[in-house]
Amino acid sequence: MNFLDGLLILSLLSVIVTGFAQKLRSAGWLSSVLLGLQCLLLMGMAGLAYGSPAVSSSFSVSVLGQPLHWQFNALSWFFALITLASALASSVYAAGAWGEDYRLQGGNPGLLQFALNLNVFAMLLLLASGDLLSLFVGWELVSWASLLMMVLAGGAAGRFGLRYIVYATAGAMAVMTGLVMIFQLTGSFQFADFAAIAPSLSNAQVVTFTLLFVFGFGVKMGLLPFHLWQADAYAETPGPGAAFLGAISSRMGLFAMLILVIQLIGLGRLINIEVPYSFFSLRDVLMWVAAFTIIFPTFTAMRQNDARLLLAWHGIGQGGYMLMGLLMVNPLGSAGGLMHVFNYASYQAVLFLVVTAVIYRTRTADLNQLGGLVTRMPLSFLMMLICIIGLAGIPPMNGFVSKWLIYRSLIVEGMPLLFVASVVGTLGTILSVYKLIHNTFLGQLRLEHEQIREVPWSMMIPMLILSAVVFITGFLPGIVLDWVASAQAALGIPVLEHTLGGVESPSGNLDMIWICSVLFGGFAVGALVFYSGNKSRRVHQLDNYAGGHFLTADDRYHYSNNFYAGLMHHIGHWYRGTFQWLESSLGSAISLLSAATQMLFNSFHPALFLLLAATLSLLFFAG
Amino acid sequence: MNPIEMNPVALQWLLYFGAMGLIVIGIAGVVLHQNIFRMVLALAIAEAGGNLLLVIAGFRFGAVAPILQDDALQTLNTSNMVDPVPQAMVLTSIVIGVGIQALALALIIRIHQRYGTLNMREVHACMMVDINKSAAVDDLLSAQQPRGRRPLPSPPESTAKRANNE
Amino acid sequence: MNETLLTILEVIFMPVVAFVIGLFMVLMMRKLAARLQRRVGPPLMQPFYDVIKLYGKQTQISHGLIHDIGIIMAVGGYVAAESLLPVPGMDGIADKGGIVMLAYLTMIPSLGLALGVGQCANPNGSIGISRALTSMLAYDIPYIIVIFGVAYHFGSTNLIDIIDTQQAGGVATWGISEMPVLAIAGLFALHASLGKQPFEIYIAPAEIATGPMVEMGGKYLGGLFVMQSFQLYTASVLYVSLFLGGGENWITFLLKCFAVLAIPIIIAYLFPRYRTEDLVRLVWKWPVMLALIGVAFVMT
Amino acid sequence: MNSIVLNIALPLLVAFLLPLIHASSRIAARITGPLVLMVMMWSAVIVFKALEYPVSIALGGFLPPVGVSFHLDQLALLMATIIPLLMLLLWPYQYEQNLREQTVLLLLAAASSGLALSGDLFNIYVFYELISVASFGLAAANRQASSFAAAFRYLLISGLGTVLALTGIALIYTQTGTLNLAQLGLLSSRLDNPLGLSAFALILLGIGVKAEIFPLNGWVAEVYSTASTRTSALLAGLVSKLAVLAIVRILVVAYDDSEAGLMLLVFGVLGIIWGEFSAWRAQDLKRMFAYSSIGQLGMILLAFSIPGEAGMFAGIAMMLHHLVVKPALFLLTEKWNHGTDSLRGAARLSPLAAALFVLFALSLIGVPPLPGFWAKMLLMSGLVGMDTSVYYIALAVLMIATVVEAQYLIRIAVTLYSASDRSSELRLASNTGVMSLFAVVLLSALLTLTPLGSKLYHIAAESSNRALYIRTTFNVNPTPVLEHKNATQEASL
Amino acid sequence: MRNLTALLFSGGLAFLLMVIAWQFTLGDAPMLIGAAILDNAVKEVGAANLVTSVVLGYRGIDTLGEIAILFTAATATSMVLGSFAMTDEASETEQREDGSILGSSVRLFFPLLLTLGLYIIVHGHLTPGGGFQGGVILAGAFFLPLLAIPGRSINHGGIALVEGFSGAAFILIGLTALFSGQAFLQPLFEHGVIGHLFSAGSLPLLYIAVGLKVGAELSGLLANLAGISSHAAEAEK
């Protein structure tokens, strides 16, 4: 009975307990405690992140002669840490005032906690998978568990969940095909067996496996062009659930892809496979997929008018950075990709939680219906500020560090276009997160929001802690880079040399301790200069320059709708909705096909087809 | 003319092609007719073709029926007899055919009583109306109706009648 | 430890130098504008007087804490950024960051400004910010392509290394002579990033009442004034470091800086203003094309 | 071993006498049927347990090639056990005026057992016809006008199928002069030509009507949506499987290593496409399940089209899985027989039924670790193992079909659990008694996956062994199964 | 269009079946089991009519299936047409005779047909004919009065009795063999002298059972169909 056994069993136990305790009023706190205990058990395995050997569970199952077993290495630990931390934060958030409110709104917070625990269990099972079969079992569990989370809200959520599950099933089928093919090649589902034959695979086989796995796991990640399900589905999930899903759920696809494509098949093979009639290798193609995954969803996010949708679309885009980083051969890139998983989870969770807090107080997430909340919810504003700086990848938050690593590796590898693509994505992110914070917290406060207060502490504390993480790991990225380096070692890819403050390399250093110190020193100087001037007088918000017109609170002049009108004038017509169109065309095609197939069954004459079948099959054999 | 004395090739033509022809005529009859009673008759023809084919399978030139009579009963000579197995099989399959046809006729009687028609197209239309009604879903046909101003084809008479009655 | 102390001293000293030089750059800008418009122009110390005047004003209107913080961030961000730009004799913390870092650090002032303006709840300000961010999206693309090309060419993102390489090889190894196309594109991007005509869409006094500055007065406007001088300094020094071999000594350094800055300023006062979409289109077309060609040259 | 004929004789005997029993005592008539089924199950289990190696029994005491023989192997006995079990579960206990239906059900039980056991081509045909006639009767038993019409249309297709099958048998007899499957196996070289294959095609089409093979399944949706749910469950769950099994027996024994399997593949793939896509657009549960069972049968056919043990293993697994899941789903439609839109919020009124639906749906889609997943995994593994383009195309179709299947099943699940704005919800509550039993079976299969898998593997290995079949029938050197197969070889995917 | 397709494919099917038939040569079928049966039937079964020995001996289970099918069809038919056996509603309709000539001849033919049917059944193992053929004649005998006197009721209880017991007898004979240690449906008793009435062991008994069963089933079927049509005729009036 080691820590891993304990963790998995406790997790299963939490699922059962929260499943039965749904109606309890204290179900939320119960679930939080259970998740906290799981975090403690995970910490018991913290040695993994500092070079301890992998932990194997002491139990295993054998099905149809195939053993399934579970183990934890540094990579699993890294992902599990993110999973459990974001789950704990979401759980605490949902346990307190928010849960009460949710119950009053007709929801079932106990069910939400159950879904949360189920998701955690499924993810831990996936992360702990020690062979292909347990990987797939975990994978499917994750898929269906997140469906449960998505459809909790009912209504439109059901529709989006359904859409998700169609994508997910398609992906699962692709993965299953790949696994079965591996099984036919090796006769087992063990990682080691596949790794052993991987070098002797033919190019065609490598391409097949890569495409199958990238498609299968990419669906969950929201890789282009399979990303359409994600934003809607996450946006409709109840707040804390969305924070959890947004933070980590999609990254499970990345994890599985890491194991299969990068660890087992290996990037070396992908680089050596040329795409015919082009100067791309298979790896380049995947990197371009990642690049488009960065750009298109980010710019789609810019157009969203619902805060949750905006964040969810960004979630898709950020996944592209992770994949792009991990597809890089040098340690900078892969470290950047892995670190971005952590960083992204930390700020995305807070962002969703802040938006949920705003919804909790105002009952809307429509960016055109909000504004000026900074005076009413200053702490929330601060946390959103910290986290959008992280999301946009601007120093001094942690998002910058991981993106810096990715940019650097792109420069080192000499990939200008991909570099441009990733920076364009960042710029788009800056634009849209400014829109988010401006339309929510800045500008004119609406009359109906006069009486709003800051959210209760039960909701505030998880946000505070997570945003502290965003800041601290930006200031001292070495903490995370230690874990990342161990994860790299576990993956068997080059390990990044790093320091507490960042990276030192002959071609350029990064020392976030200095940078942050100087930056805050600069702010101090700025403040000194500012406050050395004459004291300023606070005036009412409406007391401002309005072209000679006196404003009253009835005048709505918050500039929020179509925020980037000028830009949209130029690029607006590039939003063709091509993917939507493709998806709906596919839907119509299926509908048409199924109408056609049903026509056969609606034929008034039952025996005609028998005649046809008889004739044709005789023709097949005798003719 | 005694069939045994016929030219073997001509006999083969007659028997095999007769059997196959009956089968095809039967199937074609089922497919081409819209009257369900005629369909059952066509089915009987097809079955007859199948049975004929089965009987031919046991045929041997110059052989006699597999029954020991008169002289053979004394000698127990069975060497020049035709194959008895297909005959037994045909016996079975004829009876099966009778059973099926009886059931078919019973169903036809009921269908005619309930729907007032023997036309397969109308029977089908009425049945679909019933099924859709019991499932409380819109008639699937309505989705296929033309959208423009083109007049709709009137529904089968019996359908309309039933709809009026209820 | 001694080294650390020295670095700290440099970090303190470099923004001061930058501030002074920046003010002179503002002065040069005004003088050039005046000459082009056949005026005399302001006296030598005018920028100093302006700053002091703005800070000393009696009427200081604040729209809330974020309004103040925005200005602080705007100034503080540049103060920090200056320590990343090596000048003759002082490297500051340039080896801790590099050009990618610098590029992103200079976004902090813009973000601070944007926050401050947003808090003012004046739609003109918000429109200005929207336009400013749009133009940032426009000029940053050629800008980072140029950065990529230079970093790839010198094999480093460390400005000190870049400058050392250029100075060691003389004029022939300067960025401008080895990467002329990139240098032109960089100049374009530099010009656009300054927000001067014809790219001053976010100020647009006629349409949106000077945009972000609409609610700014007194020390708020003073902060922005300081920020502008830092901005001029940063842009020109960065350009000089990337393409003109940095400063061997203070004289050549200052000459190069002022010369670089003179070009866009002269152009600025000869051209009218673009519309937002025209700006985006223009900047995404020519400088990007040039920059990409330049990168292609660099990489081959 | 000989006592297994009781499984045919006893239900027939009781069915013949049931009217008379009814006339003397109504209570006796009510309990006789279930009693007989229990005896059948008991007898099948006894023989199953005693069976060490396949056995052939000669009916009438005439040795196999001449007389009719029954082939008793584990697969046949498994089916012989399942038949009475399933019938017991779906027996019309609560109805009063159903004497004739009970009679027909007993006849169906006898015929099904016979079909599972028979080792003679014409005997298979006879039992198949008995099943047909019984199922016509059951289809019409509802006494609705629409069920008469549906039953008639069913009868028409089935009747033509009969003619085709008879023609096929006649062709085979003309070619080989024998009807015994084992002897056909010995003479399979005579059948491996266009003539023999045409005969197989005709038999396949004939029997395929019951097996819901693609173009011959126009009746499926009509009959299932007009007949009672128990009948639908029985037809979809049991009868179709038995028809498939008969086809597979003929294919394995008489058509080894020929392109006849390819035909199964083609029909299977077409069936998958047609079934699943039609189900996608179905607007009520009954028809949805009817179409979906066409698709599932297509998958089963696809599995059996893979030659060798792998295909047989996959096919049996898929078959048993579908045999458990589909009847349960049909039972749902007893109360939930209206359009899918009207099911909104049904989960609140009958939470257990909704939960069971989700369970079955997930298993049907193939979500691990439910049994359906392993069955599908076996199927895919078999398809990939063939490593030819045709089978890869089939694999692609299977994948797409699974996605479509997931879509429509989960659509229902989401509908069930979404909030309802209707007031007349009382009828939405669904009964769950028998369904729960099916769920228990499914879940216990999940728990005993490993022993079950190895057992099924042995069954598959045994029934895909053609030489063993022939040896058994001619009673040459009967040897235990495990000596033929490598006993140490573990069951594996 | 549909007809055209159907015709086209029918033509195709016909052509293909012809092609198949062309490959056979008539009268040259390989008689594997046929020859074996011809050789052994006399000493194994002892019936003069070898077809009978196949029908009731070698393939007795087929015959059992066959009468089961008839029984099923009859049951299903009565299920479809309604429950005459349960309620005697048919008897309420008025009996009337369609002319005295018809009536008289029916009364004349009835015993003749009955005798002929029974004769054919009993001699099934000796002469062409047997349970099925005789059974049909029996059914005809019972059906004739229905034709002549529409509305006349038929004794359904009796039919049920006969069909139940005759079917049961067939199975019981088979089971007797099973429980006496032989195979199911194995012919019992001594073969006797071939060609004699009391020969071929239990075959004649089986054939009697089959004959009665077939006769009863067909009578029931016909009566049901006739009943419903006369019923419908009543309703129309």
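A, B, C, D and E label the chains in the order they appear, each numbered from 1.
Simple rule for what comes next: a residue touches a chain if its C-beta (ideal position, glycine included) is under 8 Å from a C-beta of that chain, and two chains touch if they have at least 3 such contacts.
Keep in mind that this is a model prediction, so the values were computed, not measured.
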TODO: From chain B, count the fewest steps through touching chains until chain E is reached.
DONE: 1
Open item on the list: Between chain C and chain D, how many steps is the shortest route if every step has to go to a touching chain?
Closed with: 2
- [ ] Provide the labels of all chains in contact with chain D and in contact with chain E.
- [x] A, B
Task: Interface with the most contact pairs, given as the two chains involved - done: A-C
Open item on the list: What's the farthest chain from chain A if centres are computed as the mean of the Cα atoms?
Closed with: E
Open item on the list: Please identify the chain with the largest separation between its CA centroid and the CA centroid of chain D.
Closed with: C
TODO: Between chain B and chain D, tell me the centre distance in angstrom, where each centre is the average of that chain's C-alpha atoms.
DONE: 26
TODO: Averaging only over C-alpha atoms, locate the centres of chain A and chain E and give their separation in whole Å.
DONE: 74
Task: Length of the line joining the C-alpha centres of chain A and chain B, rounded to whole Å - done: 63
TODO: Give, as an integer number of Å, the spacing between the C-alpha centres of chain D and chain A.
DONE: 45
Task: Multi-partner residues of chain A (each touching 2 or more other chains) - done: 595, 598, 605, 607-608, 610-612, 614, 618, 622
Task: Overlap residues in chain D, where contacts from two or more other chains coincide - done: 122, 126, 129, 133, 136-137, 140, 148, 151, 153, 156, 160, 167, 171, 173-174, 177, 179, 194-195, 198
Open item on the list: Residues touching two or more other chains, restricted to chain C: which are they?
Closed with: none
- [ ] Sort out which chains touch which and give me every pair.
- [x] A-B, A-C, A-D, A-E, B-D, B-E, D-E
Task: Footprint of chain D on chain E - complex, ascending - done: 16-17, 20, 23-24, 29-37, 40, 44, 57-62, 64-66, 68-69, 71-73, 75-76, 78-80, 83, 85-86, 157, 160-161, 163-165, 167-168, 171-172, 174-175, 177-178, 182-187
Open item on the list: Could you list, by residue number, the parts of chain A that touch chain C in their complex?
Closed with: 371-372, 374-375, 378, 381, 385, 389, 393-395, 400, 404, 407-408, 410-411, 414, 416, 419-420, 423-424, 427-428, 430-431, 434, 437-438, 442-445, 501, 506-511, 514-515, 518-527, 529-530, 532-539, 541-547, 557-559, 563-567, 569-571
Task: chain D residues within the chain B interface of the complex - done: 122, 125-126, 129, 132-133, 136-137, 140, 144-146, 148-153, 155-156, 159-160, 162-163, 166-167, 169-171, 173-174, 177, 179, 222, 225-226, 283-284, 286-287, 337-339, 342
Open item on the list: Under the stated contact criterion, what part of chain E meets chain A in this complex?
Closed with: 2, 5-6, 9-10, 12-13, 16-17, 19-20
TODO: Spell out the residues on chain B that touch chain E in their complex, using ranges where they run on.
DONE: 8, 11-12, 15-17, 19-21, 23-24, 27-28, 31-32, 56-61, 65-69, 73, 76, 78-79, 81, 83-89, 91-92, 94-96, 98-100, 102-103, 105-107, 109-110, 113
